[in-house]
Structures are given as structure tokens and as C-alpha cells.
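Please read the structure below before turning to the comments.
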Amino acid sequence: MIPLSWYIMLSAALFTIGVVGVLSRRNIFIILMSIELMLNAANINLVAFSHYLQSLTGQIFTIFVITVAAAEAAVALAIIILLSRNRGSVYADEFNILKG
Amino acid sequence: MIHQIIFLYFATVILVSALLMITRRNPIHSVLFMLLLFFHIAGLFVLLNAEFLAAVQLIVYAGAILILYLFVVMLLNVDQERQSVRANRFWPWVAAFGVLIAGEILLLISRSTFPGDAGKTMATPGAGVMELGQALYTQYLVPFEIASVILLVGLIGAVMLAKKAVKE
Amino acid sequence: MNTAISISGLKALLPFLIMTAAAMVVMLGIAFRRDHRFTVLLTLAGLALGGGSLVFTPFAPDRYVTTLVLVDAFAGYYLALLFAAAFAVVCLSYSYLEIQGGHREEYYLLVLLAVLGAAVLAAATHFASFFLGIEILSVSLYGLTAYQRHRDQSVEAGVKYLILAAVSSAFILFGMALVYAEVGSMEFARIAIRAGAAGGALLGTGLVLIIVGLGFKLAVVPFHLWTPDVYEGAPAPVTAFIATVSKGAVFALVLRFFGNMDIRVGGALFLIFTIIAVASMFFGNLLALMQQNVKRVLAYSSISHIGYLLVTLLAAGPLRLNASAFYLAAYFVTTLGVFGVVTVLSTRDRDADKLDDYRGLAWRRPWLAGVFTAMLLSLAGIPLTAGFIAKFYLVAAGIGSALWLLVIVLIVNSAIGLFYYLRIIGAVYSMDGPPGPSMPISLSGSAALGGLTLALLWLGIYPGPFLALIGSLMQTAH
Amino acid sequence: MLKYALIPLLPFAGFLIAGLFGKYLKEKAAWFPIAGVVGAFLLSFSAFLDVLGGTVIDENLYSWISIGSFSVNVGIQIDQLTAVMLMVVTTLSSLIHIYSVGYMHGDKGYPRFFAYLALFTFFMLVLVMANNFLVMFVGWEGVGLCSYLLIGFWYEKKSASDAGVKAFVVNRVGDFGFVLAVLLIIATFGTLDFTEVFAAVNTPVADVTYSLFGGEIAVVTLIALLLFLGATGKSAQLPLYVWLPDAMEGPTPVSALIHAATMVTAGVFMVARCAPIFSLSEVAMNTVAIVGALTAVFAATIGLVQNDIKRVIAYSTISQLGYMFLGLGVGAFSAGIFHLTTHAFFKGLLFLASGSVIHALSGEQDMRKMGALKSKIKITHAVFFIGSLALAGIFPFAGFFSKDEILWSAYNSSDLGRVLWVLGVAGAFMTAFYSFRLIYLTFWGKSRVDHEVAHHVHESPKVMTVPLMILAFFSITIGLIGMPGALIPHANWFGNFLAPLFPHAEHAAAESHGLERMLMVFSVLVALAGIRMAYSFYVKSTAIPGKIVEKFQGTYNLLLNKYKVDEIYNYIFVDGLVHKLAKVLHSIGDVKIIDGFINGLAAAIGNTSVQGKKFQTGYVQQYAFAMGAGMVVLVGLYYVLK
């Protein structure tokens, strides 16, 4: 069978890719999708552990995570629309009036 | 053995499409790679006997959330992206940082012990959904209701922010 | 393990149900009658009802509702605190939004829902309620922060908070998954037992990841960088909400989650929290010194205040729950008061966040200046204000556990901190400044400020009864 | 005896009215603080009579904080020491309030000034009436705060705001000691109540030692030294004295009330209050005595050459405070308090009188631009003269009795005491010299007043001169209450009055009256010599000082520049490592505020602040990166420690 550590490695790699995406891309869409990657990495973990621990908690938790992701995406996209309407830009490094 | 091969296939596609997702210049391409990734994660869920979650992953994540992204990407001007710089000027550092994180996690895994009963499957296939439903509506009723509130928050927040300003 | 919810369980959930119902009623109210004052009154009624229901809620040390929520006196205290703070925020918001145009009613809906999320956090004993509570709070705050849609600052603050909060949620989630992998449960009690015994690498990493995420919400170093930007950009009453309700609820959760763990002196968690606390105290105070923007000063000051508060987490003994309970109450009153003044001075076009907006305030509006001064002195921990008693309590808890390093750092930082508060006070009492009073302060604003000032002085001069109340509540919590 | 709780509350009420309604009351606002302070004076007098009749009050009003078994009450204690302090504080405060009516007349911050003054009085009264350390701390912090606000009263003047910042920083260092001492007391004794703590210092509870810097130190010594650190900050002793001369930037009545008569003596009062703790530690007592004696001489030497009239008096205040600590340090607690009392009157007088001079000269403070004023402002000259005689310690003015008692106690205490006595006498010589140098330069000789100013020279109004005359009266007579036994046996009423509080104080041997009388005569002669020398330098042959200056150019400059202490502080903290950063700082922010920092420690802190701000780039991804980096470090740390 598949060792649990494989799943952890996969999810860790996915999480890392997500982090790198968040930190390096300028486009806020990609940043948000990178955050979704991080959430999915956690989901893989949760479901895998749920399976190996014979406990449903992980799976149920994953359902909640997906719900949260949906709500978050809705508000996030609304803010992006607002941004592009107000400033005509969706690049993270162009929002820099608040600092110091 | 066959399971391991299937896993490796899923894992490879997931990682490759994730990498492609964060490196594509065109956001629409990124969304499409994301879609591919979600399908394969759903596949992993099936491999882990979580059929219901696989379905949720496809219907909600891929079907709803991602499509929402796609809509907004297309709503806004995507052509702009083709001419501009993809990553901020720190990206090599960030990439190195990613390697650092990955290294730390590898170290962690090498030091960890995992539950000994690795590889067992959940009861009988199919029964998982029923148990899941039962647990969700009894023991997890409170968070389930709270989760419905969070959707309401998302709804109100999105409406409030994105609606057109009223003229006085 | 009881799996279904009993009638008594439902009774214990009364405050939560009322808050949810209040949100529904307000939503329907908006549908029928889009009127600012009407909505505010409904919201206030909902909060008052929620607060009132606490009297009837059967709090008990073991009142678990399905292992996910524990409705004990600890939760009850923080629920009361959160509801009261939200009540004040709504009063201030009314005075702030009344002069703004457009549809303002959804704002209150989000406030109510955010309070619900905060309330869930205060009672959470399971990762599911923890995560959902924190997400309701965050997602509402995205909307509230960016509420001033026509102001670039507000939207920018919204997007910054959105990205960073989402990242921090992802950290928390990944951490939870790792903890779950090792413990096999998501209940706080079981995790605490396991963490105390022989926590492995997975558990440790998971806990650190959760600390990162919670550290973001609490705005402690090095996860604090969003704070000044969001404080500055968000509308003043929302900033007050973030500073009080959001952080207070998260700290209640931190106490619940880490409080049961055995944070041994010299252990890894102890050291991590010590480093975070010391760094937060110094960073917050040092960066505030040179600020010209009052909202940013308050942001940095809040960073150091959470640093102070972490001392209670590290202190041993029964005193620490009391100390943090009192500190948070005092901090709530003070912070709401300070931001209340910022709120009532804000105009339709901009928030009153420049130091120059306060120059000579004492001669234009002596009463408001008096309130502002009292609040700032309380933040600085000057005697006769709530802040002094709170800080004294912290220090007493600290030396009770012989945490001399933390206590000395705390004292040094209070000394540094006093300087920038006095700088603002100096501006308030300086003789130059823009002439003439602008618009009058609304009734709700002055009522809220008056109430907060009375509370401040009451807690500072005659805190005995309140301390006794906290003592009796927290005794049953442990 | 609850009515005595009104003593601090009356000035507080005055503060509230003046502060909140000052906008509408205009100059009428002054009457409420004055009424409050005078009311407090009357009540204090009644309390004083009670104590005189043998009633010592120690009452808890209510429980303030109770944490587990530990509790702190809000309470008042009026014993002999407090009664004396109450009389000093309320008398001076009343007179200075009244004086300010004239002095501040026409100032645009008039109501605010009185509000601050009343608030200060409130905190000072809380400080002296406290019956535990925490309530005392309330007063302690409060007076510091008011002092800061009053020094920077004219913040349109940059030097005033600089001085405020300096006072703030230095006092914070001192307060740090005080707070640590209080915490140690909680940790050791579990209570903060004076009576309980002082009862416990002799019990085994206090047998705790801490290892510090490789040595063992008894907790009592540690507490005493930390308390003394607090006292040196508040009472401007070496090395924390630097703030007081600069504090003269505040209005003159403030200098008189806060920086001469009351707040700066809070340190002396506190050490006397904690006499039971200090008496147990020889190290601490010797530290107090040595620091006091050194400060007395050191500040006097600087006072010799200052040209600003208020600065001369400021250095003399530091010097006189040094005498008080010398008295306390050699165990003569009542002598220290006695000097505190007499000093409050004659130094208050000197400040107010110098205020009258400055008032007459339309704000001129430089003595080189004065001279020959004695015929123009007669009353001021007369009272100034009386004050200076008292300061110089000439029989039978107030300063004579108190200073002599201190010197005699020092001489009598130990071998160390004799060395300190020599220092004290040297200081007395210099005191006489500079105080009469001041008189001669200001009032005698040829006029060096600017022509425009000279036309306007006028005597101050009655509301100012009457308080001056009252103070002058006390400066002559107040010393009689402490008549030394060597002159009239058993007439030291003051010493006997305080005696119940200081049973452990060392009493001078009774049989050596002859020696004491001889030393008295000696020190009066020394003072007279100082006056005579000042006379010949500054009246008779004014060329002498110039010649001396030429001959000892280096020494003179060193003194004129106050031993370059400010420069050394600046050198260490500003010109050293942080110099460049300070420049950056200067260019970035508000010059007024930042210049305030360019003083020692503050500059370094300010620089850190600016450097820290650079982390706050405003780029959201850098913020996220910081979070990620924090995570990596913390996880790594967890592994290392696990």
C-alpha cells in the first residue's frame, strides 16, 4: 500500500508551491489561486489522515474547508473587481499607498 | 503496487500542473491548470475511499469556485497580463525560500513516526457517505450550521463590495 | 461522547442562536425598510438581547455541546465582553456612517456575523469550531475593511488583509492537519494531553504553524506587518472592531488552546512565546515612536499590548486567567475609547488620523480632549486608569511565576510607550491648531464615549467588584 | 478622619473645573484651583494639629486591587512625616498659585496653566499621603507627568520641548528603579502596605539574597538601592541630575513649586519614608550619603559660573538636595527632612523672586544684562537678599539650622562621615559665594540692562510681592523650630516631633556640644568668607574674576560647560555609532520632535524606530514573506530545542 509519508510529501510540496506562488506572482488572481493550492494541500493531508486513522473527522473538516474556500473566493473576487474598477490594476505590488 | 503507481501518477500531475499554474503568464491558462489539478486531487480522494469528498471537490471546487475565478478573469482585462512582468523582483529569493521550506518539511518527515495501521481502508466502500452524513448532522451539526453562516457572510460581503454605488 | 444535541445543549447555545437570529432579522429588516437608523436600532437590540441571554444561559464547567463547543463561565465572560464591545462599535459606526452617503445597512449585518464568529471562537474546543469561527470573523472583516469603496486606502487595506488573512488561514489549516495526523483527534483537550506528554515532530510543527496563523490574527511580531496598514486604511470603527473583538476573541481561543498545555519553562513552546512577546513589545513601541499618523501609532501600540498580554499565557498559576480577563476588558474599553474619538472626529472625506487633526483639540473641545487624554493615559498604563490596574495585574502574575525577564522588558517598554502617548497628548493641548469646531458629535457617539470613559475610570479607581466577579467566573473555568 | 481624604481631592476638583471650563472662564479659571489648594492647606493644618496632639492616622478608604491573597488598598496615612510634608506642600502651593495670578497674567494658556498646577498639587499630596507603595507610585508617576507637561508649557519654544523630553527620559530611568523595587517588595513580602512591609523587614521573610553580576546581594539592600535609583531620578542627584537645569525652561512659578520646593524633594521624602528599609543596609546608606555629598559639591561648583539667573538657582537646588541626601545617608533622617522644609521656603522664595526680576526685565534671564536693580525693585531685592542669606546658611536664617544639623550629623557618624563633612563645608563655601555673586551681579554694581528694557523696569504687583514677603518671613523664622541642642538644650522641636518615626536614627552624642558649637561657628565663618569673596569679586574690583578666568581658563570653561557632562552623554550616545543614523533621522521626520531625541539614549531609540519602519514597506508580499520566514525560523527553533 501507499505509505502515509508519501501523502505528506505530496501535500508539503503542494503547500510549498502555493507559498512560492503567493510570494512571487504579481497578479492577485494567481496569488488567490496559490492560496487555494495551500488549502488543497491541507485537504489532501486531512483526507489521507482520516483514512489512515479510521476517523471521519478529517473528511468532515475537509467539507468545511471547501465551504470556507467558496465564501472566501466570493469576497476576494468582489474586492478584486473593486480594485480593478478603482485603480485599473490587479497587481499586488502596485498597491502601496499604506506604508511606514 | 497498482495503487502506488496510480498515486504516483496523480501526484506527478498535481505537482506539475501546480507548477504550471503559478508560472503561466495568462491567468486563463492558470485557471485551466488549476482545473486539471482539482480533478486529480479528486482522484486521490477516491483512492483514499473518500468518494463523497471527491464529488464535492469536483462539483464545488472545480465546478463553482474555479468557474467563478474564470468569470472574473475574463470580465477584467486579461490582455494586460501578456505584456507585463509575471513575478515581482524577489522571485528568485522566494524560490530559494520555497526550497528551504521543502527542506524543513523533509527533515520533519524523516523524524516523524506515523500510525502503524497505514494502508487500512475505511469500512466498506459506499458506507462512508452514510456515516459521513450521520456524523455531519449529529455530532457536527453546530459547525455545519456555522458553515452555512459563513456562506451568508461571503454572499453579503460580495454584494456589498461589488454593487454599483447608489447616486444620491 | 454525546453525539446529538440535547435540549440543555440548545439552551447553552442560546447566545449563538440569538446572534444568528439577529442577523436574519436585520437582513429581513433591510429588505423591508432601508433606513440607517432603523437598522442600527435592530442591530443594537440584537446585541443587547444576545448579551441579556447570557444571564439565562446555563454555564457550567462541563457544558460541552457535542465536544465542539464548551459553554462555561470562561466563554460566558468573553461572550459578554465581545457583545459589549460590538455594541460600542455599532454606536460609533452609526455616528461615523451617518455622515456618509449610500447604502450603509449591510455593514451592520457583517458586524453581527463577525461577532457571531468571534463568539464561536470564545467557546471553541475543537478545530472545526476554531477554524469556522476564525473564518467567519476574517471573511466579514475583508468586507468591513474595504467598506469605504471609494477610498483607495480602504480598498488597499481590504486587499492586504484578504491576502494575508487567507495565507494565515492556510497555515492554520495545514497545522491542524499535522496535529490531527499525530493526535488522531481535533479536540483541544486530547491535543493538550498529547502535547504535554511526548509530542512528536508532526505535532510540534503543527502547533508552530497554528501559532503562525494565530500570531497573524493577534498581530504579534513577526506576523504583525499588516497591522498598521490595515488600521490606517480601514474605516475607524472597523479598526476599533479589529483591535478589540477580533483580537480579543482570538486571544480567548489562544488561552483555551494553549492554556491547557503544559508550557514548561525552558521548553520549546515557552521559548517561542517568550521570543514573540519580547519582540512584539519592542517592535510595537519602537516603531510607534516616530509615527505621525495616529491610527498607525495605535496599531503599533496594539502590537506591543498583545506582547504584554502574552505574559499571562506564560505565567503559571490560577492568576493568569484573571489577569488576561481583566487586561482584555481594560484594553477593550481603552481601545474603543481611543478609536471612538478618532471616529467622531472623522469627516465625510477622511478619517481623523493625522497628528495635526488633534493639535489644540483641548481648546476646541475640552470634553472630547479629556476623554482622549484619559484613554491614551490608560493605554500608557498611568495610574487611576483601567490600563494601570491591568498592567499591574499582568506584572503581578508575571512575578508570581518569576518571569523576571518578561516583567523587566514589559516595564522598560511601558516607559518607552509613554513617550508617544504623551506626544499625542502634547499635541492635543498645544496652543496652535486648526481653528473653530467642526460638526457636532452625534448622540450615539457621545453616549458610547461617555459610557466608555465611565467604565475606564471605574475600572481604574474602584476595580474591586469587577476583579471579584472575574475571580469567581474564572475559578469555575479551571 | 475621612475628611482628610479631601486634602488631595480639593485641588483635583480645582483642576477639573479649570481644565474643562477654562475655555469659558478665561482668567477667572484661576480662582477654582486657588480655592482648592487653599482649602487643602486649611485641612492640612487641621491634620497637622491632630498629629501634634498625638493622633496618627493610617486608614484604608477602600480595597483597590485584590489579586488572590494579595491586596492593595487606597488609603491615607498622616503621621509626623506626612504632616510636615503636607504643610510644606500646601503652603508653597497656595502661595505659588496666588503669585501666578500676577505672573501669568495675559498669557494665552492661563487656565491651562492653573489646571496643570492644581493637578500637580493633587498628585504631590497623593504621594505624601499614601499608606502603601502603589498609591505612592500613583503620586510619583503623576507628579512626573505634570512636570513633563509644565516644562514643555511653552512648546512653541523648541528648547522647552527638548527640556521636557530630557526630563522625561531621565526620570524614566529613575522610575524604572522604583518600579523594580516595588515588584521586589511584592515578591518578597507579599504586601505593599508601609506598616506591614516595615514590620517584615526585620523578620526572616527578608532573608533572601539574589545573585547579581556574580555577587550575592541581600534583598533589602537591592530594594533600597533600587528605591534610591528612583530617588536620584526624581531628586536630580548624580548621575541623573542633568534634566533639572534644563527644566528651567518652564514658567518660573513651576520652577519654584515643582523644581525647588516639592517634586524634587519627593525622592528625599521617599527615602525618609523607607527609613526602616534603608537603615538595615549599610551599603545603601553609604551610597545615599556619598552620592548626596558628591552632588552637593559638584552642583555647587557648576553654580559658581552660570550666567542664567534661574540656572544658578537650579544648580543650587541640586546641591541642596545633595545635602538632604547626605543627612539621610548618615542616619540623620529628621535633619534631612528639616533641611527639606527650610529649603522649600527659601528656595521657593528665590525662584519666585527671580521670577519677579525676570518679570521686571521683560523676560531677561542673563545676569550679564542685569545689575544695579536694587533701587528699582526694592521689595524683590530685599526678599532675594533674605533668601540668599538663608541659602548661604548665615545665622539665624533658616538654612543655617538645617544645614548645620546635617553637617554635624555627618561629622559625628563615622570616619566616612568626616570626609563627607569636609565636602559639605566646601560646598557651603561655594554656596555662599554663588548666591551672593547672584545678588551682586543682579542688584548691585553698574547697570548692564539693555536700554529699551531699562525703561520698563517696574516692581511686580501686590499679588506677586505679598507671597514673596510671606516666604521671606518664613525663610527667616522657620529654622527656629529646629534649634540645635548645642544652642538651647532640648529646643529641637522639629527633631523631637519626628523622632517617633526614626527610632533607629543615630543621635549625636550629647556631651560634645562644645565641638558642635565650634563647627557651627566655623561653617558660618566659611560662608561669610564666601560672601566676602563674592563681594570683592563682583562689587569692589570687578576685574578680578576676569583675571582668574584668564588664569584658569580650562577650569572655568569646564565649569561653565557644566563639566561637559551633556557633551559626554552626547558623545557616547549621539556622536558615536549612532551619529550617522541620527542624521538620517533628522532629515526624515519632524525636526522639532526629533531634535528632542538627540539627547543621549533617546537618539539611539529613535534610530531603531526609523530603521524598523523600513520593514514596513507597504508591499503585501513582503509582509507574507515575513510571516513565512517567521514560520521557518520558529519551526527550526522548535527542532533545535526539542
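Order of writing sets the chain letters: A, B, C and D. Residues in each chain are counted from 1.
Basically, contacts are C-beta pairs under 8 Å (C-beta built on N, C-alpha and C of every residue); 3 or more make two chains touch, one makes a residue touch a chain.
Since we're looking at a predicted model, the values are computed, not measured.
Participant: I need the common contact partners of chain B and chain C, sorted by label.
Facilitator: Where chain B and chain C share a partner, that partner set is A, D.
Participant: Have a look at A-C versus A-D and report the one with more C-beta pairs in contact.
Facilitator: A-C
Participant: Go ahead and note the Å separation of the Cα centroids belonging to chain A and chain D.
Facilitator: Between these chains, centre-to-centre, one finds 62 Å.
Participant: Rounded to the nearest whole Å, what is the centre-to-centre distance of chain A and chain C, using the mean of the C-alpha atoms as each centre?
Facilitator: Those two chain centres are 26 Å apart.
Participant: At what distance in angstrom does the C-alpha mean of chain D lie from that of chain C?
Facilitator: 42
Participant: Express in whole angstrom the distance between the two chain centres, defined as the mean CA positions of chain B and chain D.
Facilitator: 68
Participant: By residue number and range, which residues of chain D touch two or more other chains?
Facilitator: 613, 616, 618-622, 624-625, 628-629, 635, 639
Participant: What residues in chain C touch two or more of the other chains?
Facilitator: Expected reply: 128, 132, 135, 139, 142-143, 146, 149-150, 158-160, 163, 167, 171, 181, 184, 201, 205, 228-229.
Participant: Which chain B residues touch at least two other chains?
Facilitator: Touching at least two other chains: 88, 90, 94, 97, 101, 105, 108, 111-112, 114-115, 135, 140, 143, 147, 150, 153-154, 157-161.
Participant: What topology does the chain contact graph adopt: line, ring, star, complete, or other?
Facilitator: complete
Participant: Please output the residues of chain C touching chain B within their complex, sorted ascending.
Facilitator: 1, 3-5, 13, 20, 23, 27, 65-69, 101-103, 106-107, 109-110, 113-114, 116-117, 120, 126, 128-129, 132-133, 135-136, 139-140, 142-143, 146-147, 149-150, 158, 181-182, 184, 200-202, 205
Participant: Any idea which chain C residues touch chain A in the complex?
Facilitator: Residue list for chain C touching chain A: 127-128, 131-132, 135, 138-139, 142-143, 146, 149-150, 152-153, 155-160, 162-163, 166-167, 169-171, 173-174, 176-178, 180-181, 184-186, 228-230, 232-233, 291, 293, 296.
Participant: Given the complex with chain C, which residues does chain A contribute to the contact?
Facilitator: Touch list, chain A to chain C: 4, 8, 11, 15, 18, 22, 28, 31-32, 35, 38-39, 41-42, 45-46, 49, 53, 55, 57-58, 60-61, 64-65, 68, 71-72, 75-76, 78-80, 82-83, 86-87, 92, 95, 97-100.
Participant: Which residues of chain D touch chain C once you look at their complex with the stated criterion?
Facilitator: Chain D reaches chain C through residues 19-23, 62-68, 70, 108-109, 112, 134, 137-138, 141-142, 145, 148-149, 152, 155-156, 161, 165, 168, 172, 175-176, 179-180, 183, 186-187, 585, 588-590, 593-594, 605-606, 608-610, 612-613, 615-616, 618, 620, 622-624, 626-627, 629-631, 634-635, 637-639, 641-642.
Participant: For a test of understanding, state which residues of chain C touch chain D in their complex under the given definition.
Facilitator: Going by the criterion above, the answer is residues 159-160, 163-164, 167-168, 171, 201, 204-205, 207-209, 211-212, 215-216, 222-223, 225-226, 228-229, 267-268, 271-272, 275, 283, 286-290, 292, 318-319, 322-323, 362-363, 366-367, 370, 382-384, 389, 392-393, 395-397, 399, 402, 407-408, 411-412, 415-416, 418-419, 422-423, 425-426, 429-432, 461-464, 467-468.
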